[in-house]
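Chain nomenclature is as follows: A, B, C, D and E, assigned in order of appearance, with residue numbering initiated at 1 for each chain independently.
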């Protein structure tokens, strides 16, 4: 009745200034050169970063799939626990997020390094000696740090909760009478899962995938810390152009723009795929 | 309407030592419309869930056609259920909801198609097969739920307050519709409701339950006209319930006066509960009645007036189509066939007294309320 | 605010390159509070300055970067009246090529780049840059995480000038780095401390001062200036254009050239100081430390980075990004 | 109802080991007597003592807490007001605004950070030029220029926090009984009284939740701060700077302290919630009981 | 019961060109229990909102005691409202909910305390003041809502379907309770419901509304016994509505037969609607009746049977307490006082035909349903 919607106007203005205008600036930078003229130069060389794009997408894809493969069953199992247990487990999943993620990732270095905890453990257990004796090799450690595997591990580690939480919260909300209805209509437990639980949990899966894939494809910390900087990702590439060793914000903007477009396409395709009209953003 | 197809034998269900169903014995006949009627929480849904296989009785047996099926999981039972809130699958459209059971049974596509379409026609939803179920009205969703269950051609359909969520109008229409479908498909309906009018209008057999126990089983007429105890009498329609004493067969004493009745078989001078329905009382001139009293309240109800009459301190509810005024002196007569005698039960004295009615309504003392809360806590 | 606004100076320096306890002394002396932050490499410093939006008062780039900043008009001229301690600076470090008239900078440290390696992990004696490219040490090698220093290791190994603008030579160096990448453990800057001290890697190039610090923590480490020659660097204090607290900055620069302060600072950073009076006050043992103060035969083998023309800089950036991707 | 299978339990155990292994390492080595991250050399509390003397860490902790608190509080107030506005919008407008609102939630942090830093820098240089021009024109010294620092950091944090607050308040508004507001007015409350006496308490859980989310996001943020904070350093940035050489165990100590604090807080909240829920369950049974007996 | 205190004068409300209230003229007397009765969406709530001040009429005036109050905001009007779903403040306990208005009025603490406690006693909630409102049962919440409104001593209380959310039993009890409170407090109740039984049982005056227009104003008896048009007749109770022709005063022709009636003042041979209530029809032997027909359906309803009787193709609903069987031939008589004549209206022909009842139920075409959904969408 009253025009109460005006309460939202400051917000809209704020978001326009601090979200939309910056994005427009990114576009603007992407199409200009350091000297100020309009140019497509920044996109012309994009081909040479193909490998970075490919690697980023691939690693993020791997991390997302692994998160899904771990996160879905975990959410499902969690949803079967009693309510008290559920609360505790969910708390335990969120708790690590309260430790700075740089530190947690850094701690993985201690674990994975050549002289790290795992290798030390294996050495002190005499595993390496044993292997060396049997296969007549001379290994003293398993190389884990500074590999792409380590980067994926870091991604999975950091973003797994973002997969579990949305899926879990969708699954627990599934009305148990739907499951009973399906059983009533002759569905065994596998069929119930396939035809009811899984399709109904899709919105959670989609939002989980988004919440893992987007940060994974754009991270620059994990690759720096666990990847040794030998195979950089899109995030590193962008960071490098703004505050790093190869200053060129125009190129950086162009790469950002393309990354944004790729992310948008991925999400669009995925939503099509899942018919996810009701895309859930769950915190 | 004769062959027995389901039987519950001494079924007891307890959750955490709380007895929810107490030694239920019940059988269901083929092609029967049987209604479980009772107040909220009396165990109706629990009974259905035992039959559906979603719950195993703590003790006792469930027999289908004489075979014990306690351990048969729901998806292997040849019964289908319509759930309290439909439980339609929101991610599937109307067609796929109805086709669900057929797909599980792996029928071929063309047969599925024809059976679903036929079913949708039966429930008057032709042309709706592509709609999202969430976009349907309550009544339409109800029909989808019915179609989804019936398309599997079950021998028995369980319906858990299927009309509970609908408004009065739609509810009346759907009652008629359901009854029609049951007759058309020629199958057994086991129907749950707490609405006595609904139960009376639809059922072949009514099972009245309270506190996990069966109170009475009978046809609607039997249950209404010959209630077994005060609970049944009160739950199925308004009733005046009085203390009486059986003098001999066919003679009962109420308020010190003897009335003829049709009941026999009681011990001499046995205390009994006497039920008299408000519409069964004939109002006559004061001096012509067996009893005479004063009108203390009148409420217009459209079809009739509800009047409260004070007979020597006990207040009766009488329904009459003629207007009387507060303060009028009236006499009443009650025919023998209008007097129903019941054995005393745990419910005696709890129902059927209209002293606290209308303008006479006494203030509820806070003690009453406190009592109530205590009762609750006992339960918890 | 009732009291007068706190005077500050914003100092932006290399990591592990100062004794932070001297800030207290400075504050006590002048009432100026030091806001201290660090960067990793000259290139990063350049990016941050170029990006703009930040206000630093004192920065400490290296030689070639200073000339680039001067060329691009990104430095303020210093008012040497406010820096009387400039007289303490050894004449050898004044008027160097990167700031010929010495208007923009006051030298802070100098040193050479060399190879640091773990003698318990590498039995051979290392004498050449070639060790960095030797598959024998595969997985144990570290490399600079900035383009100029990393390219320099390759250029030295190939025997080219570190200031070459020849595209072919640069490409050759790049190819060498690409090959190296397969045997590399990682590109690092100050992480090298952790990796070498902890025995996580066996060999890597770094700056002399840092090498001394590492050797203190792990006696197995050794430092060598390769026979092909190496880079001699001078880091100098400058004031970026538009600095808000220019006077405070000059006070700070002057403070750093104080003999006692320079000595104190040097004890922590292990970098050679260009403050003559401080050098003279050192004990004999320190003065004869060949890593800190290399002998002339080493110095003769050294090249100083010069600022490169824009095209070459662009080529550097391109090759670097390509290498890293 | 069925208990989870052995497989389920195993999976959970493995995941929790995975999640907590690095944290355990972190905590254990906060008591290590040497700086080593991998070799245990003895027990000490030194790092905890040193922590409080380390001005860099303490400063950045202060900055982090301050910016998080300010940003969370401002975002909560702004977000709540905005949510009320959005709730009252026409559906089409609402969807548009929500889409706008979702951009920072869905967009990659690095793009948010980079784009905002471009904005701040452009604004700074434009303002610097303007003040120069004005100064010359008017002959007085006008200084509108600014640089990246606490202000821009705060703006950035507010910007990415507000959407989360809105996302958490809006559902509460939707659940709100439409008539509550009118009921309050009906009882004599003015528009404003009705708002703060009825609406605010009603959506308080959403507001508190939004505040917590905002605070958490701010504390945890690194990427956006990194691009917008300029010289100012948050704890994340300090840690990042440290990862470039070596993390001192002081940081481990700090994290251990924070972790313990949060753990304790969560345990307390949980116990309280559990007991509340128990009560609620009781009353639920109770109210069905009332209906059951109300006729008597 | 005479002084007029509120008047709506030519009130019209339109949202987006859609007319919701169409030129409403209505006055409310002091101490009256007035009910607005009508189907969902007819504008009842809208009318209340105009009185409460939550909505300004698009045109027309609202007068309180003769003074125009169109522009007085809700919090300054001396009326209080009980909302459709109580709208209790969940964050406050019972006491604070009731005290809300008094606190806003800044009464002192001791007065607030005494008034609230007194009010809680009146609504029989003594001892509940510390309870959370969410922990109360529906009926108790209802009482809190009443107390919260009444404690402010309004001259007028507006009640918007206050019992809509309660189940049947509780509803009946609360009807009595509300009526008692109204009489005890001696204030005006403006009551909204779509339940005709409720309206009949409680009101002094009933205003029947449909489609934003007032259809009839009168006492319960007037509205029930002398409905103004087919809509009112049908909405208030079951009715058989037939086409008739007035031959002369007191004589109407139905099915070609003349019946005596009590109505006069129609034009000669004017077409009229004739209402006959199902309970008003007397069943006699076939040859003794004015009309005779065949029973086509029987439903037991407890108090009575609903039977459908086919008279020459037109199906009547008759309520009787005696059992008849399908196929029975029966005769009927209708007394002159049971025949109600109404002028033809837009509603003529829309109601009162029982052809589609029960087993005779025709398939609902999908078109009907489509209509229904559209209607819903309009509302949303």
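Here, a residue touches a chain if its C-beta (ideal position, glycine included) is under 8 Å from a C-beta of that chain, and two chains touch if they have at least 3 such contacts.
From a predicted model like this one, the values you see are computed outputs, not experimental measurements.
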Can you name the chains that touch subunit B as well as subunit D?
A, E
Hey, which chain is the most central one here, using CA centres?
D
Which two chains meet at the most C-beta pairs?
A-D
Expressed in whole Å, how far the mean CA point of subunit C lies from that of subunit D is 39
If you average the CA atoms of subunit A and of subunit B, how far apart do the two points sit, in angstrom?
56
Using mean C-alpha positions as chain centres, tell me how far subunit D is from subunit E in Å, no decimals.
53
For subunit B and subunit E, what's the span in angstrom between their mean Cα positions?
27
Which subunit D residues sit where two or more other chains touch them?
37-38, 117, 243, 286, 290-291, 294-295
Could you list the positions in subunit E whose residues touch two or more of the other chains?
54, 167
What parts of subunit C, by residue number, touch at least two of the other chains?
51, 198
Can you list the residues on subunit A that touch subunit C in the complex?
45, 48-49, 51-52, 55, 113-115, 143, 146, 228-232, 236-237, 240, 242-249
Note: in the complex, subunit C contacts subunit A through residues 41, 43-44, 46-48, 50-51, 139, 145-147, 181, 184-188, 198-200, 317-318, 320-322, 324-325
Would you mind writing out the residues of subunit B in touch with subunit E in their complex?
40, 124-128, 135-137, 139-140, 167-168, 176-177, 179-180, 183, 194-197, 200-201, 220-221, 224, 236-237, 277, 279, 299-304, 306, 319, 321, 357-359, 361, 363-364, 366, 368-370
Can you tell me which positions in subunit D touch subunit C when the two form their complex?
36-38, 56, 117, 120-121, 124-125, 147-149, 152, 230-231, 233, 241, 243-246
Would you pull the subunit C residues touching subunit D in the complex into a rising list?
10, 12, 15-16, 20, 35-38, 40, 51-56, 189-191, 193-194, 198
